[in-house]
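Structures follow.
Here subunit A shows up in two complexes: once beside subunit B, once beside subunit C.
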Partner chain A sequence: MTGEILRRLAFLPVTLFAVATLVFLTLRALPGSTVDMLASQFSTAGLRDQLIAQLGLDRSLWEQYLIYMSELIRLDLGRSFITGKDVSVMVWETLPVTIELAVASLIVMLIAGLGMALAAAARPGSILDGALRFIAMTLFALPWFWFGILLILVFSLWLDWLPAFGRLPSSVTYEPITNFVLIDAILQGRPDLIRPWLTHLILPSLTVGLTTAGVLMRLARSGIIETSKLDFVRTARMKGVPGRRIYLRHILRNAALGILTVIGLQFGAMLGGSVIAEVVFGYPGIGRMMVDAVLTRDYAVAQGAALVLAVFYVLVNLATDLAYRWADPRLRRKPGR
Partner chain B sequence: MTAQLLDVADLSVAFGPDGARLAAVKGVSFSVAPGEVLAIVGESGSGKSATAMALARLNEGPGADLSGRIGLQGREVLKLSPADLQELRGRGIAMIFQDAMSALNPCETIGDQIAEALIVHGKATRRAARTRAVELLAEVGLPEPDRRAALYPHEISGGQRQRAMIAVALACDPALLIADEPTTALDVTVQAQILALLTGLVATRNMGLILITHDLGVVAGVADRVAVMYAGRLVEAAPVEALFAAPHHPYTRDLIAAASAAPDANGQLASIPGAPPNLGSGDTGCAYAPRCRKASPRCTAERPDLAPLGTSRVACWHPENRP
Partner chain C sequence: MADQTGKELTMRPGGAGVLRLVSAALAALPWVVASLFIFAALLAPLLAPYNPISNVGPPMLALFSEGHALGTDGFGRDQLSRLLYGLRPMLVVSLGAVTLAMLIGGAYGLISGVNGGRADWVMMRLIDILMSFPLILAAILVLAALGPSLLNLTLAVAVSQLPIFARLARALASGEAARDYVMAARAAGFTPLHVMIREVAPNILRPLLVQATSVVALAALTAAALSYLGLGLRPPAPDLGYMVREGQELIFIAPEQTILPGLLIAVFALAVSFCGDQLADSDRSGGRR
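Then we have the complex of A and B:
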């Protein structure tokens, strides 16, 4: 098990190298430059050239790449071209926001997706099953941004129940320690933070969670139905095990292995997918930071954000694999056997 | 006939969508006494497994009908409520399957799977059930049973898995054990061990055993009585010695001849010409008539019923070896 973790972690630098190179090249293939953004306030060509030299954009692509890589090896993500802020500081401020959103979305996805799957798979072919499959298919087919806007329209504009924008209202003073609101609320003894934080979190996490719940529902449902046809389920019936216990202990226990993989993959997708939700809901996470940086050609920030998301994605996949190994006795190796 | 454990009369099993049911088993009758081994023999598709499953109503459900009468220890199995049926399974009747690897839950230890039967039937507490599971594993001849109880099905060998499967079935002391091709997936030497184990258990526990097989060698070794099935019907039922010494039904005779014949000069094994009929084909006359050397016009026009002949019962207009 430890060997497997180390083996997988050893691949992390390779993945990151590829991601870094790809992001580096893609950004520079885009037309336009930060200088256009910054220089619009200046007028002389001299100032413009000075700015280009300052940002190192006068060097050849190769030189820029080598400088970037050598900084990266020293774990230096560089500075924002526009604000001059350390990119690592910016990541530190925005990554927890995205993690909060992803975890909340995961909870929504699990409750909605697994709930629908369990109800549907208990009686395949029933009216309930058909209705739930239809709902899942619809959720699955909805574009995230569209669903987000719909939720804003209904719950924010028409019903006025929930806020549509941001992470905390500006009226609330928040001095971050960890940048996780829930943890800080406990550390600082500020229970008043939790309510506004939660109300802001509901719509974006519903957007991401419900649209991914459709996929989870369909895969979990078919997994459960497939498992219920296996021979050991017949053995359990032969033993006289009651139906409910067969469902929980034999069918779900075995179907859970496949569902675990789906959940892990979906959670990884959520990190990337929350980019859309963050933009729609003005949620100040790392995804929105990356989008803004790409739009302003703030290379260092966009590169940093992409790298951090890649690291996170790899770690989530690793965690999923390890969870799978732990859950499936056939993959668990016992010492002394 | 009064002390029968199992009494099956006119059992039929039909599968398929409503309106297009196909009969897999057509009016089968037989009985089993305590301590007796009945072998049900037939080719693939003859309905022997469907018969076995039907005894515990395991193949009942939407798209599958059971009819007829199954009496087990004086209870009408086909009339039991779902709760009573659950109670019966495991205690009155238990079953072991061909492939123990897929028949055991891969995510639970062997000990837990044996213990579960005891727990759901309220026969033991968790702890007592565990102890009993180890005893059962010892009874079915698994070495180091206390260590093996904590292992998962994939962690033991095929023969040991089948022993574990038998222990699962025996957990609640069933009056009748059904073994559906229990040795087909095993090596020949392991086959013999498992069969010896089963016959030993029948003797010590005075349990009835129905052995479903297509292997006449197995039948000759362990069965007391044999029922031969063809195309969903019983064609001959006889004590094992009588069946092998003087088979009455031409199908039984051909089957024994094919099984005991040495390969010919080209290394070809003997076989019965032709193939069994499809489930959906017509049901007049004897199903074996198209392949039978003794078939007469009467055989295709009129179906023979199972009738006594010596110590046997046979469904044939022209039985062989008349006494």
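Then we have the complex of A and C:
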């Protein structure tokens, strides 16, 4: 087990290196590169050349790559072409916002997805099961952005229960320390921050959480049903273990491992969903920052944001994978695969 | 994605005739709906009452206005015509991207799986790296590099789906490669290319096609999301995802302008999801009909 963990950790830098290279290549080497984009934005040739030299875009691709990599090792993500702001500072300001949204969405996804799966798998083939499967399919087929707008329409415009835009109202003064509102509220002794923060978080996290819950429900449901067909369940039944106990202690415990993998895989969909939800709800996270940067052709920012999101995703997947190995006693005993 | 119990509902032997008729009709419904979308998109020039990009009436007409059944948008363009024409990019991008991803990813996986060894390992690690980007993020990066257009949108969605097909084809192909008929073909002296294309490929095609059907919805949703973000077609071209975006700005006065285009995307995605599900179910129950 320790060997396997070490092997996975040793492969991590290789993955990160490859991810960084891929981000660099997509944004610098493909046709319609940064230089052409900049050229179309500046009318005077002098200003354009000056900027290109300043950004190091006049060097060869290979030189640019070496500079980019050596800066990355020093955790320097460069500066915004447009505002001149340090990209790592911008990441530090926006990543916690996205993590907050991702965690909230994860909670929604788990409650909705697993709740539906448990109810449906308890009686496969029943009317409830059919209805829940239809709901799960519908949730999957909802365009994320459109579902968010529907929520705004119902809960903000018609019912006027929840705010539709932003992370905190402008009337609240917030001096971030960690940029995680909950942590800062505790550190600064500001319980008044929590309520407006939560009310702004509800609609975006429902958008992401519910649209990703559909897939979780379907996979978890079939995982539970498949587990319930295994021999040890029949043995437990013959021993006279009560049905509810079999469901909770025998079936669910064994199906939980497969479900854990699904949750890890769904995290990618959730990150993608939060990029969209941040745009719909004007939520100042790293996803929205990246989309804005792509639209304004601010490549240093787009590059930094894409890299950070990909690294975040790789780390979460690694963590799920390791948790899976740790939780499964069969894998714990056998080292390697 | 496994749904083994779906069968029990629809195929209960000896069920009342009416019940079977209803379930048969329900099973046919997604195919009918998906076909309707395709016909409406193909026939858009005949069905649409107006040119979708010209100002043909006063702006912001309500639903059921005279001459404009679904009203007009903020520029006085006919909404019905725009919705009909907006189906076209959605269908072209989702079907085109899935086909492209299936062909390229399938060929990649085929080469990797049949040959095995070191090359296989390297090829699959490359796919792992591509998969370390969340789907939408990969597509956004491609569009950032290539710039927005119908073709690039298709490419971006195809890239995001490529790993799914590469992995599936690789798993299937390496399974087939170990079987007797492949060994026989090799022993008979056929070239590796012949073995791959004439022997292995036909045997892995069906699962790949089933997989393709089940990801059309995902492709349509991804494309719509990219359009919504402003990375799809350039306005004024009608595109459902971007119409939701434009309608969002009018949400206070005319919510239908954002509801209707999104509803079309959702219904299409739901219909093709059910189609894919049915195919996957019949495939699993061994139905080589």
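Quick note on the criterion: the second predicted complex is superposed on the first by the 308 of 337 C-alpha atoms of A that agree within 3 Å, B and C clash if a C-alpha of one lies under 4 Å from a C-alpha of the other, contacts with A are read in each partner's own complex, and residues count from 1 in each chain.
Going forward, a residue touches a chain if its C-beta (ideal position, glycine included) is under 8 Å from a C-beta of that chain, and two chains touch if they have at least 3 such contacts.
Here the structure is a predicted model, which means the values were calculated and not measured.
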Room on subunit A for both subunit B and subunit C (clash or fit): fit
Subunit B versus subunit C as contact partner of A:Val241, first or second or both or neither: first
Contacts of A:Tyr65 with subunit B and subunit C, given as first, second, both or neither: neither
Contacts of A:Tyr174 with subunit B and subunit C, given as first, second, both or neither: neither
Touching partner for A:Tyr324 - first (subunit B), second (subunit C), both, neither: neither
First (subunit B), second (subunit C), both or neither touched by A:Ala310: second
Per-residue contact with subunit A, leading partner among subunit C and subunit B: C
Which of subunit B and subunit C A:Ala141 touches, first, second, both or neither: second
First (subunit B), second (subunit C), both or neither touched by A:His250: first
First, second, both or neither for A:Phe155, with subunit B first and subunit C second: neither
Partner chain in contact with A:Leu230 - subunit B first, subunit C second, else both or neither: first
Distance in angstrom between the closest Cα atoms of subunit C and subunit B, superposition on A: 6
Shared contact residues on subunit A - subunit B and subunit C: none
For the subunit A and subunit C complex, residues of the former touching the latter: 15, 18-19, 22-23, 26-27, 30-33, 124-125, 129-130, 133, 137-138, 140-146, 149-150, 152-153, 157, 218-219, 222, 225-226, 268-269, 271-273, 275-276, 279-280, 290-291, 294-295, 299, 302, 306, 309-310, 313-314, 317
List of subunit B residues in touch with subunit A within their complex: 56, 58, 86-91, 94-95, 97, 99, 102-108, 113, 116-117, 120-121, 152, 154-155, 165, 168-169, 171-172
Of all residues in subunit C, those that touch subunit A in their complex: 1-6, 8-9, 128-130, 132-137, 140-147, 217, 221, 224-225, 228-231, 241, 244-245, 248, 251-252, 255, 258-259, 262-263, 265-266, 269-270, 273-274, 277
For the subunit A and subunit B complex, residues of the former touching the latter: 230-232, 234-242, 245, 249-250, 253-254, 257, 328-330, 337
